[in-house]
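Okay, so here's the structure we're looking at.
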Amino acid sequence: MTRTAEELSRHLGTELEGDPRAPLCGVASHESATPEDLIYVDSPRFEESAQRSAARCVLAFAEANLRGKTVLRTAKPKLAFAKAAAWLLEPARIAEGIHSTAIVASTARFGVGVSIGPYAVIEEDVEIGAGTQIGAFCFLGRGAILGDGCRLFPHVTLYPAVRMGRGVILHAGAVIGGDGFGYVYGEGRHWKFPQVGKIEIGDDVEIGSNTAIDRGSLDNTVIAAGVKIDNLVQIAHNVRIGENSVLAGQTGISGSVSLGRGVVCGGQVGIADHVTVEDGAILGAQAGVFMGKTIRAGQTVMGHPARPAARFKEQQGWLARLPQLAERLKKLERAMMGGEVKE
Amino acid sequence: MTRTAEELSRHLGTELEGDPRAPLCGVASHESATPEDLIYVDSPRFEESAQRSAARCVLAFAEANLRGKTVLRTAKPKLAFAKAAAWLLEPARIAEGIHSTAIVASTARFGVGVSIGPYAVIEEDVEIGAGTQIGAFCFLGRGAILGDGCRLFPHVTLYPAVRMGRGVILHAGAVIGGDGFGYVYGEGRHWKFPQVGKIEIGDDVEIGSNTAIDRGSLDNTVIAAGVKIDNLVQIAHNVRIGENSVLAGQTGISGSVSLGRGVVCGGQVGIADHVTVEDGAILGAQAGVFMGKTIRAGQTVMGHPARPAARFKEQQGWLARLPQLAERLKKLERAMMGGEVKE
Amino acid sequence: MTRTAEELSRHLGTELEGDPRAPLCGVASHESATPEDLIYVDSPRFEESAQRSAARCVLAFAEANLRGKTVLRTAKPKLAFAKAAAWLLEPARIAEGIHSTAIVASTARFGVGVSIGPYAVIEEDVEIGAGTQIGAFCFLGRGAILGDGCRLFPHVTLYPAVRMGRGVILHAGAVIGGDGFGYVYGEGRHWKFPQVGKIEIGDDVEIGSNTAIDRGSLDNTVIAAGVKIDNLVQIAHNVRIGENSVLAGQTGISGSVSLGRGVVCGGQVGIADHVTVEDGAILGAQAGVFMGKTIRAGQTVMGHPARPAARFKEQQGWLARLPQLAERLKKLERAMMGGEVKE
């Protein structure tokens, strides 16, 4: 849909300079933009490339100096750009109507405007909220409850009894509600510990491609509203993740871990069983948190085992200076012992 | 199915106190239990919550003090609980009968009571043992042989010629028997090394969601009986894993690695090519074993590179004390050299 | 197809000794070979097992001493073996013809000899090159363009507008072109940063099972020709990977990373945002490259944070010798201070 700079400016609450009727139909990078694409610039470093861009409209920081452009000024151009994109661009549809090849149990109940792609399978007692789109080959196990406006890309698997709120996005190949990994060893074999808990996913959660999230063993796995989870992430049984936490790719969260609100995990972070990560903590990429530890609110940790970032960096520094330390030690030994030096 | 406390006690061989006719129809945590759910308590720490639970029946350690409950006493309550769950609860069915949309090659052969879900594809010469359940969208490549009582959740892919024993569980999105990752570089490109080996999976193996296990290149990949593999694990060509080994989530095993029996890998462990891990060794989460190394039987290793756990902890301790060591060195230098101190 | 030793020798340009008419119909390891399988030996270490093998034909290094065998001599037996396998063995077909259950949009265009497996879904405006094979349950989103001779195993998902060259192999469960993981936090929630870029995959790329590669956010993700990617790898938005680079299993590449040509990543490598890895660099397994760093051409790095391999090993050595260093320091202190020793 084409909008004008003025309409966008009103939507975002920005100041407008230049042509209020400049048309807008997309968003782009400085290099790839057409005249009708919106671009943004949030630092003087990128002013020149914004100036050179074919785009006529620019979301820009307060002091940006741009000639011949229609400029929408704001303190947070990147945030405004994301909001502009959500407003300008309808996300591509995943399905249209109920495809004739979809297999839908007679006891499934759909809200208004639900779409189901080809070859999807919807089992008994599934409830799907209004406007939710289900991609090809999705499998919704019995008793799943999905809120309004969810988007399931192709090949998503929901084990039975998954519950999710509104506006949840599940990317291709995600597996939600699988059996937790729990066994008790005895009599020469591993006995499967019961995995009879459930899983609840809050509003506006997004889950990446091929990510796997297990349901609880006896209690529930709970992913709160606004959590964003990248591709190939593993979340074990009984994990609880607080609102708006963000987990980057290939992170692994072990059983019964509790993450607070607004926690950030970099890529390939590993958290062992029964860890508590308090609100707003940041775990650097590849950090490893050992069993039962607590990461304090707001703390940034790095490394394996995870330790405060400042200490991690300090220790890395010491590690690098060990040869010099050893050299100084040798020198002292020589001085004291008259040449009788050990290796 | 509802059972009585007495029936369960007889099945488990436990001592029974209280009402032998107390009905049981499920298992639960202390908090979520209904009166007819079984709970367990294996430590005085949890006695109070067990006492408060709505559950009437408790599997408890010998000295547990519980009032007004029907108590089944045993030395290993958690093991007994797992066995009780297996006895009380029929696992949810993955498929019922042969769905009309399943595509089954005319040369496929099925045992008694095989179930195939919607849109599954079974290629030529596949053999499926009695009572095995195949979920929706599963793909069984030609020549696959599955034992009795296997359970394949939706979206499992078996490349051609996979062989597996009885009671194997494959979770959603698992890919078994893919091409190994092997190339020979020459003449400016990577030539694919032949991947013509097979893969054999023993009885009672369980494999997690979206895990990938490649078949052998010239010989076979072999996963022995009782092995348990979590989600998103990668197992390369020609790997051999001994009986009852356990691999936690996101572990990666490189080509031609040999794991003994009862090996335990924590989450995100990485094992490079041609490593040997002997029986009963334990690899801590995120441990990295370098190419060609051997981990001795029963040893616990941690870190990158993996080293004995005691040494890992000792080294971490030294790393933390480096600033003090350096301070002491500086002090000595000052004392010896009369103030002429280096940084 | 059966060939003769002479035909193979001519194809490879090797020297032939022994029976030129020896028949060849496969490749194998020394142990598993039948008389009509080809084996190779590239080191005196394996001469004896080659001699014992049932195989009649051996690709061997120049000085290999083998009695009673038909020997094809070459300086690079393993390379010749890979080439021989490619020549002798037709890869197993993934699909035959267009299966009647495939759903193909009317605007899709196919080259000669395209095959589509059961239950595949091909959306509008997809173009598929000659001889390309699409497995069961593959989903090709609208506007995908595939070159000639590609092979997509079952359960591959292509989001809309994926472009790939000739001879690309995508293994089961791979997800190509998903949304990048980008958000802007503001007003108490994460706003999705627009993910409107594309993805381009060059000729002869191979991508492993359950690997996920996101399309660009504003610009494109680009995987150049000849790149080989293993299972469960994560590649984020806007990544650029140069020709013939190789990424082992579970490696994760963050947003806007640039890899040169011929880069090698071991298993579980993690590369943070905006890193540059120059041509021919080698990243050891589990290495972690921090945000914004550059790895120089041809350099080998290891560890977390990634550092030159020699320095990594040296530092590991120092770490191991810290107890001795501390002991020497204590001895000096004792000597100087007359017994007044600190811990």
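In this document, chain identifiers A, B and C correspond to the written order of the chains, with residue numbering beginning at 1 in each.
Everything that follows uses one rule, which is that contacts are C-beta pairs under 8 Å (C-beta built on N, C-alpha and C of every residue); 3 or more make two chains touch, one makes a residue touch a chain.
Everything numeric here is computed off the predicted structure, so don't read it as measured data.
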Could you check if the interface between copies chain B and chain C is built from the same residues on both sides, meaning over half shared, or from different ones?
-> different
State the superposition rotation angle between the two copies chain A and chain B, fitting on C-alpha atoms only and giving a multiple of 5 degrees from 0 to 180.
-> 120
CA centroids of chain B and chain C: separation to the nearest Å works out as 26
Where chain B touches two or more other chains at once, by residue number = 119, 137, 155, 173, 210, 232, 250, 268, 286, 304, 319, 322, 325, 329, 332, 336
Provide the residue numbers of chain B that touch chain A in the complex, in ascending order.
-> 26-29, 31-32, 76, 78-79, 81-83, 85-86, 89, 92, 101, 117-119, 135-137, 153-155, 169, 171-173, 204, 206, 208-210, 226, 228, 230-232, 244, 246, 248-250, 266-268, 285-286, 303-304, 316, 319-320, 322-323, 325-326, 329, 332-333, 336-337, 342
In the complex, chain A residues that touch chain B | 103, 119, 121, 137, 139, 155, 157, 159-160, 173, 175, 178-179, 181, 183-186, 188-194, 196, 210, 212, 214, 218-219, 232, 234, 236, 250, 252, 254, 268, 270, 272, 286, 288, 290, 304-305, 311, 314-315, 318-319, 321-322, 325, 328-329, 332, 335-336
